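For reference, the structures are reproduced in the following blocks.
The following pair of complexes shares a single chain, subunit A, combined with subunit B in the former and subunit C in the latter.
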Partner chain A sequence: MGTTFKDRTAIVGIGWTEYSRASGKSTLHLADEACKKAIEDSGLRVRDIDGVVTFNVNDSVSPQWVAASLGLPELRYHLERWGGGTSAPAMVADAAMAVACGLADNVVVFRSMNGRSGRRPGGSGEHPAPRGEDQFLIPYGWTSFVHACAIFARRHMVLYGTRPEHFGAVTIAARKHGALNERAQLRKPITMQDYLNSRMVADPFRLLDICLETDGACAVVVTSAERARNLKHRPVYIMAAAMGGGPKVSGFSPNTAGFLRTPSHGDTYAKYVAPHLFGMAGIAPKDVDVAELYDEMTFATIFQLEDYGFCKKGEGGPFVEGGRIELGGELPVNTHGGFLSEGYIHGLNHVVEAVQQLRGEAGLRQVKDAEIALSTGVGLTVGGALLLRR
Partner chain B sequence: MGTTFKDRTAIVGIGWTEYSRASGKSTLHLADEACKKAIEDSGLRVRDIDGVVTFNVNDSVSPQWVAASLGLPELRYHLERWGGGTSAPAMVADAAMAVACGLADNVVVFRSMNGRSGRRPGGSGEHPAPRGEDQFLIPYGWTSFVHACAIFARRHMVLYGTRPEHFGAVTIAARKHGALNERAQLRKPITMQDYLNSRMVADPFRLLDICLETDGACAVVVTSAERARNLKHRPVYIMAAAMGGGPKVSGFSPNTAGFLRTPSHGDTYAKYVAPHLFGMAGIAPKDVDVAELYDEMTFATIFQLEDYGFCKKGEGGPFVEGGRIELGGELPVNTHGGFLSEGYIHGLNHVVEAVQQLRGEAGLRQVKDAEIALSTGVGLTVGGALLLRR
Partner chain C sequence: MADYRKPLPIPDQYTQGYWDAARRHELVMQWCPHCGVYMFPPDPMCPGCNSLDREWKKVGGRGRVYSWFVVHYATHPDFAGDVPYAVVLVQLDEQEDLRVPGNIVGCRPEDIEAGMKVEVVFEDVTPEFTLPRWRPSEE
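Let's turn to the complex of A and B:
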């Protein structure tokens, strides 16, 4: 067709609940609170909202229920996207397309979970009998995403000399940023020794490599670029979105052989996503001022820096050294503290932070003159990303 | 924005597996077969496909697995939409938006299920403990969609004088059409006496009011209008799509009082969906040549005829009399036999039939000169629909 939705839609509102280890509230309650705050923040009225989008892995609430809870007069676009870490950017893209194509005017996009006190996405706990690939993996102890990533990370260490101290640098940066973020759960800075002393959970991952299971919800409001210009805040335009992957990298194939091939190929699905993403936006990685990279494990930050083109393959470890990904560094990464410090709201909290940065409202953790932000999602078999600009 | 995707995309391929009561095949196998047939039918090559969309209610397979099974070189748009009967039109809309917005070029959309021999969507069987509204409904015996619809149907009978013979006319028409459809599972025509003699399942629904739980899969390929013009078949353009509902009708509100209010208000979500649908297409109900109406129960056909504007509220019963919805009648409905005769592939089989009709390839059951088709989906709390044209 030649046409895309580049810059035709914008994020105009953001909202979040407290992020905690035991909310004591239902996912419906949390979703309602985050959505209402995002709508209030946008300057739109609740009755202007006609689309509700979320994602769910059997741990959350349906858009229809949230529409009812909000009291919307009408629901014109509703989407409950099934899936994990790749879904936050993907569902923002879905909302943008619904607006760009006239299926809805103003869409609220949320993720709500009691990931610590309730159902744990991707973790152990209340699960049906394993099906598909899981039946071959779980008997060998591969029961969660941490185990899967551990194998990738170890292979990266073998191939490229990536060291525990590289992982440590990622979590130290996250904590440093989280200390400046009122939403963050872990606000105490840590040292490399703290990191190295933390107990091993799934070799090579220590406790401090792994995201914080969290209760909470956040939300963003997507509308047309035209409407965005007359609302409360400076619009944050959705420049581009991309998602997916390819057959020769990171799963996508439902067999373990293909899955394990990833690190030896050296690339992840980000290699597929990046050209479409930067191509739609018409910019290059060097134009990105701040990167909110899905960081369920420290290693994810490292491989994404490589595969989104911020450094060469295998150089992600050295790239995170020397404060390069910290505030004031060459490329500030996860300025909210990411999953490692703020909490695991499954990637939509990365979008919220990107919007705050581009509005210039990030306070002590503000990246000076941030104009363009990358926000990503990571799944086992596919990935997704957004480019936003002020 | 003022822009929509009207006529910018088309369905260019259709495929289906055998519809049976015990496929003996996995949902992955069935999906792969239906998708390959749809791609083959389109004239595209498998390697041209870069998007895979489906919906799932914990009874099917993920798009990523099907992408791998097909051997796609790259996946650029993937969506696993969570939900029930409203999802078939909604996911065709999602695919159309992805193509219209440049996120993918050629998207295969499938629904695969072992709804008879495996997991039954919306029925009893393997289920987690009831949550949300269900915990208040299930103790009173309201365990499936049949029970929910029974209450709506009974209310319609009380308010408007709708009679069992009206329901019977719907299922008689479906069987008559199914007899002409090589895909249909029940191909023996029935009489009104057969209908009235069939055993009561959930008053006022008899066995012959209720859809056929089915094993099978079907698929359609969506591409841009430009590409469609150079492919194998006459393109079937996606004129319009709409989905959703409102607060004063049919659920949408997670409380039983709101839910039961529906029939007394007299309207369903179709009243909300219809203006957007016909508005985007720029046509009126009278322009529709053939209607493939989601018919999980006979009653659904009746309320949709009313609420999509083919007759007045309360006149759906009389409307289906006298062969009006049969081939050769004023508005042929469910020319494939629908869920009542062909089988329950959750509404995507209605889209397949609409495409066959608009191509003029429906053989003995062809609606003469069919130019515009309506294909719908029905959920408990929201609905959706497509308008297609040749």
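Let's turn to the complex of A and C:
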């Protein structure tokens, strides 16, 4: 492989607001707060920031507004992606590329949303007109992103014998971890019986399979590896990034997301992204100490464990059993509780947690001697990922 | 029929032919005359040969249940009275990745099985619109 941005940049600051069901604040206000905290955490001054990156699904605030609000003397790089969960790792990669290529020195990356009290992504509280792909879905009652996920999850059950108890193990682990995380919204541990008794929403999904719609913002600061070495915290280096998917990734409507043409609904973008990701980093899945996997629904964790190569295809269900993905297990997953417990800040909160783990600042939920972390973002057929190291 | 209250398709230049055929109780798929690939949902370009030519071709209306879900809590209020209802993704016999969503009729949600054979049926929900749906088939 030729020159890549491997290890040439680092995450040096992290910040977050309260995660809640009703922030009572604008997305600009939340973004300002998260960015300010992340910059303070880095040891840089606000005026050192010259790049701002974010993403939205028509629910956030532009990087230009945040740059103005922060009072940045100069904005040399700005980017606003549109899209779903694929975007969080991808925009950290965008920031790293800008820094590695000299377009900017210090870039703040944020995601700000009133995902519960404002625009609720995923179809709840919103009823778009049945145009485009949606004209083949909405008239039949396929009206939510949850429904698209259910098609994938059911297909996996059909192909590989994945059971509700496997989905349950994912949400139980998330709650167990969230109980140790002061940011988490749901901090009460649950049992398998609690899971199985929870209300069926769209079979095979119960209420406890589904992420928490959340208000809040978080942010990270990306700078060069050289500058990172003289800042406040131990740098967390960006080893590798990858994004995209395979053939026929088509059909993204933010609410229904049919993805009707994808070759197989039994796997995800990750099987295409993983070789590029691990190839750039020059490591193997077994080298990963902690994985923060985008978990808009429980099933996504199982799919990604397979498609990133932590277990064989079809064995993701058994893999999540027996505490293997819990703290102290073979591969701790979503040590902050993920979207199922901490909240849905669209995947950037997974990056924040990965950084805390690699700094050794995760307190009661610290993975001992964590050196390498995977953080991912899913759009089912498209997605992205970062490999970070201390 | 007159009091049908659920969302109806909003056809466009790429999909009008599909809904026109449904009104005639025919299931058609976009088809590439150059390489013979079917496409659903319709697409301006054939992903097989990049041709921008396309035709509507009548298909047999038979397939198998590829995947499905059963809605118990409707996020869209127009479907609240229907729960529990099933949405199936049917893989048509013509092509492996040719999959069409719809509702199943004549089958309880709990009786749906992967791979079960289904055939299209047409429901004239309004004078303007006919929705293709699916029912279990012996053949």
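In the analysis below, the second predicted complex is superposed on the first by the 359 of 390 C-alpha atoms of A that agree within 3 Å, B and C clash if a C-alpha of one lies under 4 Å from a C-alpha of the other, contacts with A are read in each partner's own complex, and residues count from 1 in each chain.
What we mean here is this: contacts are C-beta pairs under 8 Å (C-beta built on N, C-alpha and C of every residue); 3 or more make two chains touch, one makes a residue touch a chain.
The model shown is predicted, which means the values in this text are computed figures rather than measured ones.
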**Request:** Determine, under the contact definition given at the top, whether A:Ile39 touches first (subunit B), second (subunit C), both, or neither.
**Result:** neither
**Request:** Could you look at A:Met243 and tell me whether it touches subunit B, subunit C, both or neither (first, second, both, neither)?
**Result:** first
**Request:** Decide which partner touches more residues of subunit A, taking subunit B and subunit C as the two options.
**Result:** B
**Prompt:** If you stack the two complexes on chain A, which partner ends up touching A:Val378: first (subunit B), second (subunit C), both, or neither?
**Reply:** neither
**Message:** Quick check for you: in the superposed arrangement, does A:His276 touch first (subunit B), second (subunit C), both or neither?
**Reply:** first
**Request:** Please work out whether A:Val170 is in contact with subunit B alone, subunit C alone, both, or neither, and reply first, second, both or neither.
**Result:** neither
**Request:** Scan A:Gly71 for contacts with subunit B and subunit C and give back first, second, both or neither.
**Result:** first
**Message:** Which partner chains sit in contact with A:Val146 here, subunit B, subunit C, both or neither? Use first/second/both/neither.
**Reply:** second
**Message:** Under the stated touch criterion, which partner chain does A:Ile325 make contact with: subunit B (first), subunit C (second), both, or neither?
**Reply:** neither
**Request:** Name the contact category of A:Leu348: first (subunit B only), second (subunit C only), both, or neither.
**Result:** neither
**Request:** Enumerate the residues of subunit A that count as touching subunit B in its complex and touching subunit C in the other.
**Result:** 132, 247, 251, 258
**Message:** Using the touch definition from the top, list the residues of subunit B that touch subunit A in their complex.
**Reply:** 1-5, 8, 28, 50, 56, 58, 61-62, 64-65, 67-69, 71-83, 90, 93-94, 96-103, 132, 224, 226, 241-247, 251-254, 258, 272, 276, 280, 381-382
**Asked** Tell me, which parts of subunit A touch subunit C in their complex?
**Response** 123-125, 127, 129-133, 135-144, 146-147, 150-152, 154-155, 158, 199-205, 247-248, 250-251, 258, 260-263, 265
**Complete:** Per the touch rule above, subunit C residues touching subunit A in the complex are 6-12, 15, 39-41, 43, 47, 66-77, 79, 82, 84-85, 87, 89, 97, 99-103, 109, 114, 131, 133
